[in-house]
Amino acid sequence: MNKKKNAIRIGAVEFRNPVFLASGPAGYGLEYAGLIDLPSLGAVVTKTVSYSPRRGNPGRRLRETVSGLLNSVGLENVGAEEYFAEKLPPLYDAGVKPVVSLAAEDWEDYRKLLELTARQENVDVVELNLSCPNVERGGMAVGVDPDLVRRYVRLAKDILRGAAVLAKLTPNVQDIGLLALAAEEAGADGITAINTVLGMDIDTDSGKPVFHRIRAGLSGPAIMPVALEAVWRIRRRVEIPVIGVGGISSPLDAEKFFLAGATAIQIGTAIFYAPGLPGEILSALEERGIPAPINLPD
Amino acid sequence: MNKKKNAIRIGAVEFRNPVFLASGPAGYGLEYAGLIDLPSLGAVVTKTVSYSPRRGNPGRRLRETVSGLLNSVGLENVGAEEYFAEKLPPLYDAGVKPVVSLAAEDWEDYRKLLELTARQENVDVVELNLSCPNVERGGMAVGVDPDLVRRYVRLAKDILRGAAVLAKLTPNVQDIGLLALAAEEAGADGITAINTVLGMDIDTDSGKPVFHRIRAGLSGPAIMPVALEAVWRIRRRVEIPVIGVGGISSPLDAEKFFLAGATAIQIGTAIFYAPGLPGEILSALEERGIPAPINLPD
Amino acid sequence: MNRIKSLFRARVLRHQVLTPSCRLVVFDRPAGFPAASPGHFVSVRVSDSSVPLLRRPFSILDLTAGELILLVKIVGRGSALLAGANPGDGLEIGGPFGGTVFEPPARGKAVFVAGGTGLAPAVFAARTWNKGGLVEEIHLVHGASTRDELLTGFCEKDFSHVHQATLDGSAGFGGDAVSLLEKLVNDGVVPLDALFSCGPRGMIRALVERVGSRFAEHHASLEAVMACGVGACRGCTVPVRENGETLLRAVCSDGTVFPAGDIAWEEWED
Amino acid sequence: MNRIKSLFRARVLRHQVLTPSCRLVVFDRPAGFPAASPGHFVSVRVSDSSVPLLRRPFSILDLTAGELILLVKIVGRGSALLAGANPGDGLEIGGPFGGTVFEPPARGKAVFVAGGTGLAPAVFAARTWNKGGLVEEIHLVHGASTRDELLTGFCEKDFSHVHQATLDGSAGFGGDAVSLLEKLVNDGVVPLDALFSCGPRGMIRALVERVGSRFAEHHASLEAVMACGVGACRGCTVPVRENGETLLRAVCSDGTVFPAGDIAWEEWED
């Protein structure tokens, strides 16, 4: 078996294959070690970290919908310092390829976060989460504005000299292609799409919104057609690699994203109920190779 | 049993209850006569008609997704003239309350359509479909632009003197609340939300997009949390009634839309697999009344 | 208003396994279930969840005083759920649906070409017409990939002649049903009055292009993905030529049976 | 890297119906399934579709050389699917999960208060500790709404004393389990060394507020909606006071067992 057959490249970084875990569901990575063969994956995007630790949102954080999941975790994380000291090194030790996900909060914290990241050895690829719907500042507020996307991506490229920078975008806009273009113009090495879709639920027993922050982010199989459309659209707007994420729940789904033009895919919600899925997708790719993208205009 | 208990009012129009069929899935209405007790409903919104007949889209028009349905019917319709002559009168004869759904195409056709509509007796409520994702002109292109929404609604109010005008909006924007506000400012009597969510699918056998127009509109249980969020948001932005539609597939779902502040609800995709649902929702309302909206700020 | 009730709860009585992938599912005919004709179909809610979402259309294979019989080939989740329903289970069924049906042949002689489960309407036609004394000679040309997939053992008596083809030649004629029919026509074995076909689109198209014109008439029962089943949603359209125009017709309510020669194959993308 | 495998396929061996809504589901213990302690749980994929989406967490009621036993109360679709799995069916199971467990009481005397299916970890604790000779006196206080819902007939022998309560007074003490415990404490019937509780949040809170302080220690096994079950997603957090701070702890990996007195009830919205 040719080990390099399915290797891919984003910026200057090579990944052993194009099957990643999405940021968030898999935590810092090793929590899933008993359930998923992490070193076999192209990468594990770790849960987004911010400069300072974040407590995340109070109240309920999860709610199932029909074939979907609403979450309002709110970027709970240990903060970048503890992350780089405690969470990241064991991943390298375990032979897992990490992608570091960074939260864009306000400009100053963001700069400090980038500077801290730049001082780490080994961090050769980061994903900028410009799209979390579950926080007050930063997050989606950045990801909906092309100018802000440009500024945030540019600062990352400036400070993280040499590292590949992925911009993770939100679908809660009229044209995600515009945001992708802005990221590309600012030097992004790849686009990750999509983050969760804005949604909400109401508890009919209590007669109140389920979540403290009322809105939450929808993920899972329910949103797959939305994510696929986003990847198709972005692919036809930018030259840089697109990493597809959103509702992938079968090897056939993965195939669709490659056909739409994704260079790699990420699996999020599906690992909750089907931890075997990444392995199944890898086997399918091993057997048939990465499907060539469809060559059609928008 | 108090027959009027669940009556609602939108503009000057009274409906016997707040359970409607959504535009499109039920066609011109009577096709469903054997499956749904149509006169028992608050209203049937008939499939959108345009000034001239439309052939609709070639190729595949339907595709199931996980708990959802993509459609690319493309506003096939017999044209307003035949509609008013042939399709609408039998609804009145059958005791069904129709809401006439009109397609906003280009400005001149739109004006002619409104003038033709204004000449009809009995048409006391129309829904402007400003949001179909499956057509080249009009449709969603209008519904994403507050200025166009304002112009289109105003023209309808001007020409259809006295009739209640509902503006049906698309969720494929950053803030549907802004569009609702524009419609209200222009004199709309109600907002219908949401039309389908943009999505796509790829056929892995043929290795091509499923639909001729590539993109299609996603409906069904998968999108319910998105529709609920839209209704919640619009309710807190405008004073006029909001009619909730999108993925409603159980009496509990319906309850959530009323709690979010909907004055009425529409059922679309669910009638394909559960034609009994409207009746179940009516029974639940009959028993427990219309749930009072949650009184919480945005 | 058309007040004919068309939504029922039907109880599974029994199954009959025909091939590894096909079985007959026999329902108790629900009270009030209307009469039906060959080409009519029902749509079955196969799951009580939204996966799969849509009801699934199945042609009526037979409708007797007490029973409603479907022929189910397992091709995906929906058909597997239906095929797996246990005796005693109640399923929601809509129908009978369909606007046009197979009409008995004017001169009493009919040839059916059935690909796979396209056999269902053929059997229903044969039984209905035999019962009514409406047909004197009725041929069935039935093709399958291999001997194991031939649908036999429950309907031979319904036809005056059964001609079988397998792609791998493991039984009957070696080749597809269309080639077999060609041969039967060339050999003068079948009457050329009326051809009735049902099965995959590709088969019907090949029939039209290769032998259809040899018959005085050719009626085809088509399939398309359906949502409503009653002509409302316009989701199941196929292009059909009528009076020089190509119109998009709904398979569920304008069909399922169309004059095969009128189908605008070149415009029928899928 | 922690390479303990925690994903298995488990075959249902049999069921035992306990009450109209509750049953024991007995699985063949999968090869390689690790040892577990009271308070550990498994998460079960109850459907092969995405409805319901998430696996469902269930406490381990017993784990023997050959069997894994769950106590399942039917409250919705997921639990109904699990309760309806047939002997022979194989289900995907993750586990054993959980960071903290019920530790045997230092002085060998324990009181368990179990609301509803909170009985499962209590039974597992009793069996484990009895087997290990780690406990000499072990009380069970078990409440249900009515006599029919009392979970009896399979675990009385595991406890030295069983105290039952029904809300409607149809069996045992008339009232809830908390009130019964209050009475038992007041009457000096139960030892005050160690209280262990599992059940609905409201019950545990009432225990803490009304009788918890009478015990030397009180450990509670909590429930929360879970997605990953392994501490990754941070979806199942509860507010717990530690060193003067209120931290959000994951029930699945920081729990399921917490010092009951440390739970910050006033901050626990749901």
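All chains are identified by letter, namely A, B, C and D, in their written order; residue positions are counted from 1 within each chain.
Here is the rule we go by: contacts are C-beta pairs under 8 Å (C-beta built on N, C-alpha and C of every residue); 3 or more make two chains touch, one makes a residue touch a chain.
Please read these numbers as outputs of a predicted model, since none were measured by experiment.
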Most distant chain from subunit B by Cα centroid: D
Selected interface, A-D versus B-D, where C-beta contact pairs are more numerous: A-D
Between subunit A and subunit C, centroid-to-centroid distance (C-alpha), Å: 47
Centre distance in Å when subunit B and subunit C are each reduced to the mean of their C-alpha atoms: 35
Per-residue multi-chain contacts in subunit A, two or more chains: 65-68, 221-222, 249
Of all residues in subunit C, the ones touching two or more other chains: 50-51
Subunit A residues touching subunit B - in the complex, by the definition given at the top: 65-68, 70, 144, 172-174, 197-202, 204, 207-209, 214-216, 218, 221-226, 228-229, 232, 247, 249, 252, 255-256, 259-260, 291, 294, 296, 298
Complex contact set, residues of subunit C against subunit B: 1-7, 45, 50-55, 92, 94, 225-228, 230-237, 239, 248, 253, 267, 269-270
Subunit C contact footprint on subunit D (complex, rising order): 47, 49-51, 77
Residues of subunit A touching subunit C in the complex: 66-67
Interface residues, subunit A side, partner subunit D - complex: 24-28, 30-35, 38, 47, 55-56, 58-69, 71, 73, 76, 90, 93-96, 212, 220-222, 249, 269, 271-276
